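Each chain gets a letter, A, B and C, in the order it is written, and its residues are counted from 1.
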């Protein structure tokens, strides 16, 4: 694991040290009187100006990883059970609520999947954008409003000035997601966590919002963790990819490397299930079986029950995440090969 | 906003007509012969005829209906058979008492219920939450005359803090307030119980919404998450319940006025009942019909102020 | 256990609906307390002639207005009648009026709701508008108007209270009916030639039973409250019948000297309503956390 961390840091960063380092993060949920890890032993580095994609099926722990970084794991059902999240020399897991609040929305921001329900229906859009400036920058109402208007223009809301005092229900889904982006960018965060920001949108709108995100990321000099289940989007936006399965990272590599040599059997199957224009829908491969439930994880490799390459040793012990030159895989069969 | 208000006002008209129609059915059709009801079995044929003519119930039912609706809508609500004064005058005379009581009770109910319900929701499943839930359930189990009698016994009869008969003079502010306190508390705590329960459950729902997570994600402090982001959304169903409660409050104010011997609409209706003042009773039912419609209208308008989606929709 | 989930599969009739309720029940302590207290009151009411120490109408002229003591546990009233005995017998009137009114409203209201929802279209629209207007009348005011016009009698009281409770039952029965109506198995029943009546009784009714029973519990509390309130106003059963509300009214006239006369029946009314509310509230939480109503 430590090798993975070092290798990741060296790959694309141009300044010393990653901006964000997640180290053996475990986030657990209580169910039936016992704690079960929804995120287990997750480690990765996010270099400055880098976009890291977290990919996996829904429920694989990718959103929970982001919420853990934000300190927004729903209490009291969930908690960070172990590991560290290093951000600019501070361990976020050790900060108290108030210190964490001061970082949220200021230096680390997050965009959510559901633009239709993620904005407050009784507050004006302008206020919702200006609010972060108010709390983090101590701006006066007028200053914050001016800046919020500027942000709405940057995310390309048409006639933003006129729409400033409108309510979310007066906006379309794509426009609402732009507002969400404006909210997230208000304080010029160093890290942006984008949790499936385009999944709920129409395909044409998706492309626009993705382009906007990429553009703003460069303009603001941010680092981004982009969460998606869509490998097509990954290719378009990310520098590196971490594939997650059942709460664990099973493979991490640069986009180029991963697409060229998908190594973990799960990654391979994911790749083959990307719909492509040159292939018939009927040929789409679906992965047999189901993700094991959080309270009934297999003792060995978590993917073993569904894995075509399964061997007896896979089920003996959890495989380590291992590899070299930035490409790490959690598979004893493939890693050894 | 103005368009919304106008629209609600227009919608209130058919409701008013419907409610008045029900009142007509109750006072004119259900009892059979009102003259007989008023004068009793021993009345002479002549007396019955006279009374029927005076009440206008000798005409065909359709004509009666039109007369009734016309009178009701034009504010011509008839006159008391006992005092001979118009119902409107009688109502006008006691209205300030009723308004005092109602407004005070609503304020009290909201000022206790909303914070208590919010607090309870924020401490979900803690002992304080259980206590709040049980106490509020007890609160809304009180018939208004039971709570009134207990308050009267404790604070007016035993402790003598407040007058036993709450018929204060309106032009003396101190007197007016002293006479208002117990009746207002009586109505207010029952309402507070309703408001507490609804605020709690609605707040719990809102706290789980995506937009609350968004607010936390931008670093909004807890206090503002609760008061600015959650409460206004949580209040939308609370308004519905307060609207429903206003109906119950109209009923409960009758009981409260009896217990505290306080002038008001309820006392009017009870004395009309005791004196078999049929025309007064009928007029007061029309008054209640108007009240019901006004209450519904106020509830609708309040939605418009709280929820921007209603205003623009 | 959302409403959607509850409707997801056709159930196997009343037994299933009751089983559902029982399951909901076991999870809630307050439900149990409420049920226990309520059943105790019912038991006292049934056994009133046996366990009451005195005849509720018997006047002990020398023992007028006596405070609670060893002979008259709850004291006596202005005619020297034993308050405890009158309370025990009075429970019967509260329970009978409350439950007959509630059950009638439950049957009529649910029938209106199910038929209206099942038929749909303009009929449904018209029926529901009438229900909305009826619902905007507060139950006490409605009861007061009707009893004032018709005169106080047991039948009129029941009629008045039942009338105010029909609309809520109609609403609660209609909503799920509309959802179920569109489901495949109802279509299949029609194709098999089942009559509409049979579909409504056999397939729709069991699906709305749990909610109707919960609302019934809460309305029983409301009915008892309205009955007591009307009796307190003087529109209840005629004296010397020992109705609880009437007893409070009689006691209220001498409250300055003999407070117990109004306190004991007041507490009895409060107790039964609180018990029913605990029961209904617990059931409601369990059957459907989102179900609202009860007034």
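Please note the rule applied: a residue touches a chain if its C-beta (ideal position, glycine included) is under 8 Å from a C-beta of that chain, and two chains touch if they have at least 3 such contacts.
Just so it is clear, the structure is predicted and the values come from calculations on it, not from any experiment.
Arrangement of the chains shown, judged by which pairs touch: a linear chain-to-chain path with two open ends. The chain pair with the larger count of C-beta pairs in contact, out of B-C and A-B, is B-C.
One simple way to say how far apart two chains are is to compare their mean CA positions; for chain A and chain C this gives 54 Å.
In this assembly, the C-alpha centroid of chain B lies 22 Å from the C-alpha centroid of chain C.
For the pair chain A and chain B, the distance between mean C-alpha positions equals 53 Å. Considering their complex, residues 70, 72, 97, 101-106, 109-110, 112, 114, 117-123, 131-132, 135-136, 167, 169-170, 180, 183-184, 186 of chain A touch chain B. Contact residues on chain B toward chain C in their complex (touch as defined above): 15, 18-19, 22-23, 26-27, 30-31, 34, 37, 134, 137-138, 140-146, 149-150, 152-153, 157, 164, 201, 237, 244-245, 247-248, 250-252, 254-255, 258-259, 269-270, 273-274, 281, 285, 288, 292-293, 296.
Within the complex formed with chain A, the chain B residues making contact are 209-211, 213-222, 224, 228-229, 232-233, 306-309, 312. Residues 30, 129-130, 133-134, 136-141, 144-146, 148-151, 221, 225, 228-229, 232-235, 245, 248, 252, 255-256, 259, 262-263, 266-267, 269-270, 273-274, 277-278, 281, 289, 292, 295 of chain C are the ones that touch chain B when the two sit in their complex.
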